[in-house]
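In the two complexes that follow, chain A is the common piece, with chain B as its partner first and chain C second.
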Partner chain A sequence: MREDQFVDELKEMIVDIARRCRNCNYCYSVCPLFESTRGFQVQGPSGILQAIRYGIRWGELEGEEKEILRDILYACTTCYSCVLKCKSSGPGVPLLDGIEGGRKLLVELMIGPMPEQIKVLESLEQNGNPYDEPPSKRLDWLRDLENERSLSYKLLGKGAEVLLYVGCTPSYNEGIKDVARAVVKLLEEVGADYGILKEEKCCGSPARRMGEEGLFEDLSTENLEAFKQSGVRKIITISPHCYNTFVNEYPEAIKGFEIQHYTEFFADAIERGSLVPKLRIEKKVTYHDPCYLGKRNGVYDAPRKILMSIPGVQLVEMKRNRDNSLCCGGGGGRMWIEVEEVKRLSESRVEEAMAVGAEVIATACPWCHIQLEDAVKTTGNEGKIEVKEVAELLASSL
Partner chain B sequence: MSRLSEAELEKMIKVLEGIVSKEYVSTNLFERIKNTLDVYPYEVQREQICYAVVMPGSTQEISEIVKYANSIKVPVFIRGSGTHLGGNYRPHVPGIVINTHRLDKLEVFEDYGYFECEPGCIVAKVADRLAELGYFLPMAPGSRQIATMGGMIVNNTSGHIVDPSIGKPGDYLLGLEVVLPDGEIIETGTKGLRRPAGTDLTKLFLGGDGLLGVITKIRMRLVPQPERAYGLAVFKDLISLARGVQRMYLERRPAPLFMEFLDDRAASFGFGLRGLEPPGGPVIMFVSIGSSEREAVDKAEKILESLRAEGTIDAYMVHDLDVWEKIWTSREVIGSNLMQQSGAQLSSAEVSSNLKDLVDCMQDCINFNKGLPLLSKLDLYLFGHIGALTLHPAVLIPREWDDEQKRKAVDEKFKREAELNLKYGTCGGEWGQFGKRKDFFVKRYGERSYEIVKGLKKMMDPNNILNPGILEGYR
Partner chain C sequence: MEIFVCLRQTAILKEEPKIQPDGKTLDLSGVNRHLNEWDAYALEEALLLAQKYGGNVSIISLGPQEVEEVLFYGLAAGAKEAIHILTPEGLEIDNWVIANALAQEIKKHPFDLVLTGAQAEDDGCGEVGATLAHLLGIPHASLVMRVVYEPETNSLKVDRELEEGYMDALRLRLPALLTVQTGINQPRYISSMRLRRFKKSATISKVSFDDLISKTQGFLPKKEIVKLYTYRPDVSKAKILEGSPEAVAEQLIGQLISKGVL
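Take a look at the complex of A and B:
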């Protein structure tokens, strides 16, 4: 009975949101999915929203069309450009609430998520990370660093001022482990009283993006409890996705903590003078705004302040930056599915960086990092341009 | 035309795939739904959803599709971005939707003095490219970031531009390539800089409301980017505002490129949103142009003289571009903010006044929704391109209303709009004719005129394949 009510309320919410859409189609002018695909209207914000609306209204959630509807709903990168555009020029439709609501509905009705995402959710549930990696290996990146030098972190448990919430990708992805290590080096340099959770689990954002609400609730509840137990005052994240979900989607109690993305934390430290980049990095650097840090949360300046404080760095802006930055294509669960693109988003972005003469694309998101690094290879630009995390650049300037 | 059977549909899809290739044909239900939607707030019905959406990449492909459609008597609907405000874009019977998205080539021939573009080019992209080269695109629809060139030519609309200043886009149209409703391809016009004198078939398609042909190539003269000067005038009330505009014309002031007005409430609201002090009355904001800055400034000052003579509270040139940006964009944010505050959908009418009766027309627009069963329940906002004598009385249609109420509300709007345009002997200058305005056309110009258009349509499109429903009128 309660399940039916949940489904009915969800359907009503989605249709109500879609009724606000006036098909002005302004959102298509900023949608990365539309830009990178053939030009069909269901690969654009309003088209996706109207698809789930009519799918509900016309009872297409049982028939043959349900998988087509699923594919339509899950192709969105959830970059937020449409929401911003509609807010500035249109009726302010909360498009992503409708689209993510649609994903929740499809999961509830067992039509979603995408087949390739099922094992991701299973891994989240069983291993606390989406990569099918054992929890026991989650802190390997830290152990490797400890073999090189002594560290002053606390393994929580209890008792530090700041929690470094590492996240799954920096914990397990070989290339991104270096980012985690760079962040730790920076924390050491600042002399922060920081800790890392003994048994960190996924923030839950992938579950939420894929529409698996129950799993998200479980993970968020567990994490919140661990945060409370740890006694920290402040939480720093490496990934903007973790940041976004803590700040905007976690239960009310999260407001008892100050949440910062690492770029905000270290920009503050630089301003206070507790972090002084010394070594020159003579490079032309462009900064790629991650959607989940920039568009979704308005953090545009902190990463730039850091980059501009590094001696030798020449910061150039790509044609599309800040709130009209081009999505790398990695968000919204798209790291795990293939969407047929006429022009790969990440490749378009690398080309934009090359066009302004950048030698380094700096970013502040593990998924942007992976996507862009991949695209540097596939566009044949290895050796001409490289992708670096803001933390890596800052750490190498100490 | 009865519905296609499953077998006929399957055959048709195969043929279409043969023409444009499989990857550019979609029979996906949701793609078909979205391509059948327009800006009106009521839902579409299953029976009217198109059979398929195709995205041709060339004139030749369009020609083949149209020829084939004729042979099986299936309608073809041409879609750019589907943003037409007069109801011309919402197919009422199933057919093939040709989406012009892929036809986005733009070539600038500076040595010829013109540019050529395909109909799917987005207005803002064309304008930006031309601006990079120092040219000006004589089109300014509010939907420029998504509206297509094809749609603009089919309406011959300049959007917000004041026609008496630089004319309509058609004045710059040198020629077209068109696919006729039987699939034949013709070229019209000239490659010279002088538009044809005498018979020019361009005229059948320019402002053609999509009745007589599919535009596949557009050639327009390059116009150098003019210099601009900006002015603002605050009036005591809308009546003296209207008088100000009349005086501007009667005193033979050079018509401005843009001249917008906002009623008191809209102005306060919009200015506030942009961080400006509320002006304290309805406002006019305008842009004068010239080949030099001095000329533009001179023209703006002359206009201000006329406006001041009607007793403005304040009237001045705006020199600070940042301030102008805020003033100018306050118009844009009003609509979106009103919609966001209420969750409703803004729906406006397009009333065209004549010069002599502008004051009366303004009064009629202030009273636009009086006595209308549904619209009188709603707040009225008034703004528009007053320099072009276009007024937009607008209401917010609540989303809780059911489809039938929404439909009736839209009907009331078009009916009242028709009454006013009839009263003043005018017709829409921005959105085109027919569609939801077919009743007006007949009342305004008479049955004979309507028969003429029907006759042309019948001669050129005997099977009524191309965009059927526009001429007949939509509800």
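Take a look at the complex of A and C:
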């Protein structure tokens, strides 16, 4: 495809979506960016969309203001609240497709991504992970666990029924490796015939969120090939971002696999009776819905079922929950950039959890976990409340 | 302004490389390569200067066939012309010969400014830029952090980075050569799709290294690597001190005294 053709098609798509937006601004009422910033028009969904629309129309993509336009587009958390709101109270404009289309356009025109995200994309291309970590260290977390106990996993492509797609953050982040270990312990407990890819690569979600469509295509093609080679039928993910990408964004061939988030897999196991939490955890626990699991994919009940199955756990809901849940602020490539906020979203969320007297914030997303854990510290609530992954709580009750 | 930028392809050493049995070279088989980081800044600076003051950016690189990758990258970034000095496989040359080959080719073209990165991230020598300036007979400034063109005198005003936050402001009459320091700008990101399109459609002019440099011309390497070795600090002796900050400080002082540091 010629450069001009690709760029023209993107522009057309964005302008078409923006034209369909009635600027009713109902989406502002649920936008976490609008809530956490100074509340300018361009810090909310339809404003961002109109910014790129007029950027195209007024030729600002070549002008001196192009970096301002870039900052506007990349501030969005891509939480999906605006799309849900629009569907519920209007014609249902795919606002996020327009915003993410704008990011693709800026990357294509060498205006995007944000400067801090360039190294992330380079690492995705060179190392298959966004953290500038060597591929050879991807399975180190598993080696550590193997030193503690024997495991029955298969290093694929030897063939197994279920593939545990670990993802980059649980593979490399010291604080989140325990989540991967907890999921493996749970798989062992249910006697799953499971495998882990020998040379796993990023699902591509960060690339797509930052507007790097070509890199996303490369990673999705490589992963799909690895899945096919492995011979599995079912894929379980730890991160909702990988889950969403596989379910909603991968090429058609992914439909040959059943994709589950680990909370769905273990909630099923509990319902079947093959996983029985026994040890009591006498804690007041609140559940933070990750946007990419809840709002994007409607998985609200499975993590709650797991938490309620743990003896002693008292599940309390925050004021905002399920499709009204507040985003942690880490999505949409924002894990790597600093967005000027009046109040950090993750801090607001911790305060919401404190307000209902929770001792534990349970979540089911590595990035939410990191964001909320930081916010517990920055709000001075260390020792009063802790952040745990649903898998960690479940594993510790066996 | 006609600007030449010299680009070098360097290995990305994420995994620890092994030293070859000859004790002089690294085993780089299977190692990914990319555009030398310093050269990416030089390229961006050239593109910004051409955009601001008018002119064209040409890029030049020397090496085997795979070096084409960085030239396509440079073309995708906005360079107008790319020249590849193709070297025979396995050729061992030093920076003196590289600078000579680059000089031979660049001399054939009109140029006002030549940019290189301040150094290469693999060997860290920082030799090619200065040697090339000498061979072209033009003034040179190293570790450049800011460039302003002054058309009335056809010269450049540049700031060089010194240690401890000091800067050195110079004026150079064109033609000149600058070696560029990282941080001078923010190199643009080239998307995978854009790069793919340029690889399909862009053209690179090929020049034979053997035609430029022959042994009869006396351009023989002047240096050879005698030995390549690693220095590994003994991290196994690291000790984590535990306790309150006061207790840790007390233990640390005790350790430093007992080891003879204090």
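One rule holds for everything that comes next: the second predicted complex is superposed on the first by the 397 of 398 C-alpha atoms of A that agree within 3 Å, B and C clash if a C-alpha of one lies under 4 Å from a C-alpha of the other, contacts with A are read in each partner's own complex, and residues count from 1 in each chain.
What we mean here is this: a residue touches a chain if its C-beta (ideal position, glycine included) is under 8 Å from a C-beta of that chain, and two chains touch if they have at least 3 such contacts.
A quick note: this is a predicted structure, and the numbers were derived from the prediction, not measured.
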Chain A superposed: clash or fit between chain B and chain C? fit
Applying the touch criterion given at the start, work out whether A:118 contacts chain B, chain C, both or neither, answering first, second, both or neither. second
After superposition on the shared chain, which partner residues are touched by A:218: those of chain B (first), chain C (second), both, or neither? second
Touched partner set for A:55, first chain B, second chain C, both or neither: first
Pick one for A:42: touches chain B only (first), chain C only (second), both, or neither. first
Name the contact category of A:351: first (chain B only), second (chain C only), both, or neither. neither
After lining up the shared chain so the two structures overlap, which partner does A:126 touch, if you call chain B first and chain C second: first, second, both or neither? second
Return first, second, both or neither, reflecting whether A:19 touches chain B, chain C, both chains, or no partner chain. first
More chain A residues in contact [chain B versus chain C]: B
Quick check for you: in the superposed arrangement, does A:359 touch first (chain B), second (chain C), both or neither? neither
Closest pair of CA atoms, one in chain B and one in chain C, after superposing: how far apart in Å? 22
On chain A, positions contacted by chain B and by chain C: none
Would you pull the chain A residues touching chain B in the complex into a rising list? 16, 19-20, 22-26, 28-29, 38-42, 46-47, 50-51, 54-55, 57-58, 60, 65, 68-69, 72, 86-92
Per the contact definition, I'd like the list of chain B residues that touch chain A in the complex. 23-24, 26, 28-31, 33-35, 37-39, 41, 43, 46, 53, 55, 81-83, 99, 101-102, 122, 124, 143, 145-146, 332-333, 336, 339-340, 343, 345-346, 399
For a test of understanding, state which residues of chain A touch chain C in their complex under the given definition. 1-3, 6, 107-108, 110, 112-113, 115, 118, 121-122, 125-127, 132-136, 212-215, 217-218
Contact set on chain C toward chain A in their complex: 12, 14-15, 32, 34, 77-78, 186-197
